[in-house]
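Dropping a structure here in structure tokens format, bear with me for questions.
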Amino acid sequence: MAFLTLDGIVKTYGDFTAIAGLDLAVEKGEFLSLLGPSGCGKTTTLQSIAGFVQPTAGRIVLDGRDITHVRPEKRGLGIVFQSYALFPHMTVAENVSFGLEMRGVPRSERGQRVQSALDMVRLHGLGERYPKALSGGQRQRVAIARALAIRPDLLLLDEPMSNLDAKLREDMHIELRAIQRDLGITTILVTHDQVEAMTMSDRIAVMHGGRIVQIGSPFDTYERPQSPFASSFLGKTNAFAGAVHTRKPRCYEVKVDNLMFHVPHEGHQFDGDVNVYLRPEKIHLADVATARLRGKVRMRVFLGNLWLIGVESSLGPVNLTQPNFGAPPPMEGEEVGLTWSDDDLRLLEREVANGHV
Amino acid sequence: MATYDAERVGSAPWLLTGPALLVFVTLLAAPLVLTAMLSLNLFSDTEGVIPVYTLANYLEVFGDDYFHEIFLRTGGMALAVTFFSVLIGVPETLIIARMRSPWRSLFLLVVLGPLLISVVVRTLGWAILLGNNGLINQALQALGITEFPIRMMFTQFGVVLALTHVLVPFMVIAVWASLQKLDLQVEQAGLSLGASRMTTFRRVVLPQIMPGILSGSIIVFALAASAFATPAIIGGRRLKVVATAAYDEFLGSLNWPLGAAIAVLLLIANLVIVVGCSRLAERRFKQVFE
Amino acid sequence: MYRNGFFSLAFHTLFIAFIVAPLVVVMAVSFTGEGYISLPTDGLSLRWFHTLWENQEMADAFWLSLKLGLVSATFATLLAVPAALAISRYNFPGRGAITGFLLSPLMIPSVVLGIAFLRFFSLAQVGGSLWALSITHVIVVLPYALRLTLASTIGLERDAEQAALSLGAGRLKVFWRVILPRIRTGVIGGWLLAFIQSFDELTMTVFVATPGTTTLPVAMYNQISQTIDPLITAVSTVLIVGTLALMLLLDRLVGLDRVLIGEKQ
């Protein structure tokens, strides 16, 4: 049995359904992200695990113990809050020590554990400062140290990086991931930032409308989105509206305008109207004469490591990215050819695409 | 705050604040100075105010048991009012803060609204309730709890009760303002670290609203110590406080210099307490809060 | 935050009862048909409201308080608005001291203010006129008008003004067309609060009011000092209802919590 199990969790507020029947199993030592836009129910899910929200229905089992009705202060979870929620009237050391004190850890041992927690987040020597005197990144580290000092069974991270600037955030992703691996602590991260989720997680659960719509490793989730929502929320994509023409043993032939796409089989049955998806980084510039698709460069944007190129083709606008090899790509207005590998094409039903997941 | 550079300011701020300053200097500062000077004059029943300068009035106030009693009583009642305002005002503010809309704003209005209703009206209500034939005594007698009316009018208890009613909204305002600055997630953080609700309140929430409680206490104490209408109506002629004593000297015995001396002492005591306590509180909390 | 438990709600009920009891009692008593203080037993009587209607003394006091409130709130606002603009947007030496000085009547006990004004008027020999009384009220209520106006001028970005200036508007035009509309609610709220404070002022006024200039609170206080009769509860009921109406207006305009609690700065 998994270390943490969420079994049919439902949470409603009057007419509003925040979580619409959610099942989730997290293995010991795993780093799992709940990823989705605001209002998808990810924070409510985290709050249910933490015990601040009482689910309307369902069961939460942690390490074989049913904690659905256990009070939050008895759950023993480490939580890093979005606002950090540091106690402003206590020093950094007092903040980190608070949870230990509540557990009746003797004073002598407390000092030592506070020190090692602060060392772990590289805040050595800042114990006597008040939170007010720290930078945003340092406050974040205090919040992590405070949550980890009690050696919780489970670490919950509620959008912990949303108040940091971009550069600091990238550094924290890597550092936090390293700490998590070192301690082997089971961790659940709530975020709307797909880069954050992909950098740090073993698995990503994409949430939408109070449900998990897809769960898997970052690579699988990105490469094989199972819904239009997942495919557009995780990274960018080009969508082409077409219809299944013939079904062959190893692929579907999908007709988009007068172009035939050969989309590999992935076990699903498709018929009628479908969308063909193709990620921008999977499209390559090619010789105009031999290319699968032709168009005119509408715009090109330099992003440093990448070029983003917009092409007006006979199938409508197509976006692609190309690594910065050192030579500039075609000029705006130039005629270009586009090509791709059939293996990179993905297929989803059109009804699903337009309607709800 | 958006301000212009000091060099570019010129005379604009002086032109803008000038009219108000002019009125305040001539009609506030001057009368206060005149009052301070008056307090140094002497008074006789036959000649009225005698324009000599002496500390005789202050020595009288400091030396006379009659005035000692008045100042001590005023201070004691103000302390009691402050104590009760903390005792009931702080929990009530927390309770309202935990309510959902629309109850939250509704009850905030019910609690704060009386501030805008005349003190005379609010005190009148207590006079009607507390009298020997008042509603509380009528009810107690009708219920057979007491045979004879309990005296509540013209007692310190009555004054403290009515003043607490008049002033407790200021405590609510101060605590409410400090609650607005509180990050609600700290409560969850306390719980998640294993503290019980009680401990979370005592160790996490209370220290953070302490500045609000202190500033509320300072306001309530200052207003209670200088209150006039409520002690005058509920306390009556015998139970004098500093403000009513000054009033009596001025408009009763017509001893203006002595009345002025009492007023100056009240003003100084008020300023010392308000400024002193605020400074202390600021120093205590400065390193922690912004 | 977690929710209130049983004890919290029980405490809350008692607290609210404590807050509204005196006001409810005053209003209930005013509908008695008896000649003394008592709760109406057989039906509500408007007897004391009729008596009040014919009472010239209270009527005079009411009109005086009304005039006084209108005049002093208006002058206080006229003085407070430019001062608030200067304080909130210019960095000049003495800014803090000037702000403190203009807010100082809040810190000075009303009794002291009353004595000071009485002394001043007796020396200047101008006591007893509506204008003298108005000036004292302007000083007492100006801090309220200033605080609310400051709350709306502080944090007002200057870019809209700069835009207006760049479009060719003169300074006066900028004030009327750009600044005033944006601080309007603060100014109106300040005026209303100043009016209410002036209308209710007792402690200071008791010193400077003369038989010819008796305001409503002073008349009520004098009456209560002698005897408490149902007439005074009828006056009080009218005042409570009137204040409630103004409160609702204030709440609509600026939000009562903003008026009473003030803005975070």
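In this document, chain identifiers A, B and C correspond to the written order of the chains, with residue numbering beginning at 1 in each.
The rule we apply is simple: a residue touches a chain if its C-beta (ideal position, glycine included) is under 8 Å from a C-beta of that chain, and two chains touch if they have at least 3 such contacts.
Here's who's who by UniProt: A = ABC transporter ATP-binding protein; B, C = ABC transporter permease.
This one's a predicted model, so the numbers in the text were calculated from it and none came from an experiment.
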{"item": "Furthest chain, CA centroid comparison against subunit B", "value": "A"}
{"item": "Top chain pair, ranked by number of contacting C-beta pairs", "value": "B-C"}
{"item": "Subunit B and subunit C: spacing of chain centres that average the CA atoms, whole Å", "value": "17"}
{"item": "Distance from subunit B to subunit A - Cα centre to Cα centre, in angstrom", "value": "55"}
{"item": "Subunit A residues counted as touching two or more neighbouring chains", "value": "none"}
{"item": "Where subunit C touches two or more other chains at once, by residue number", "value": "none"}
{"item": "Touching two or more other chains - residues of subunit B", "value": "197"}
{"item": "Touching residues on subunit C, where the partner in the complex is subunit B", "value": "1-4, 8-9, 11-12, 15-16, 18-26, 29, 37, 39, 78-80, 82-83, 85-92, 95, 98, 101-102, 104-105, 107-112, 115-120, 123, 135-136, 138-139, 142, 154-158, 196, 199-200, 202-203, 206-207, 217, 220-221, 224-225, 228, 232-233, 236, 239-240, 243-244, 246-247, 251, 256-257, 260-262, 264"}
{"item": "Subunit B residues within the subunit C interface of the complex", "value": "1-6, 9, 12-17, 19-21, 23-24, 27-28, 30-32, 34-35, 38, 88, 91-92, 95-99, 105, 107-129, 131, 133-135, 162, 165, 168-169, 173, 176-177, 180-181, 184, 187, 197, 222, 225-226, 228-229, 232-233, 242-243, 246-247, 250-251, 256, 259-260, 263-264, 266-267, 270-271, 274"}
{"item": "Contact footprint of subunit B on subunit A as seen in their complex", "value": "50-52, 71-79, 81-83, 85-89, 98-99, 102-103, 130, 132, 146-147, 150"}
{"item": "List of subunit B residues in touch with subunit A within their complex", "value": "183, 185-186, 188-197, 199-200, 203-204, 207-208, 287-290"}
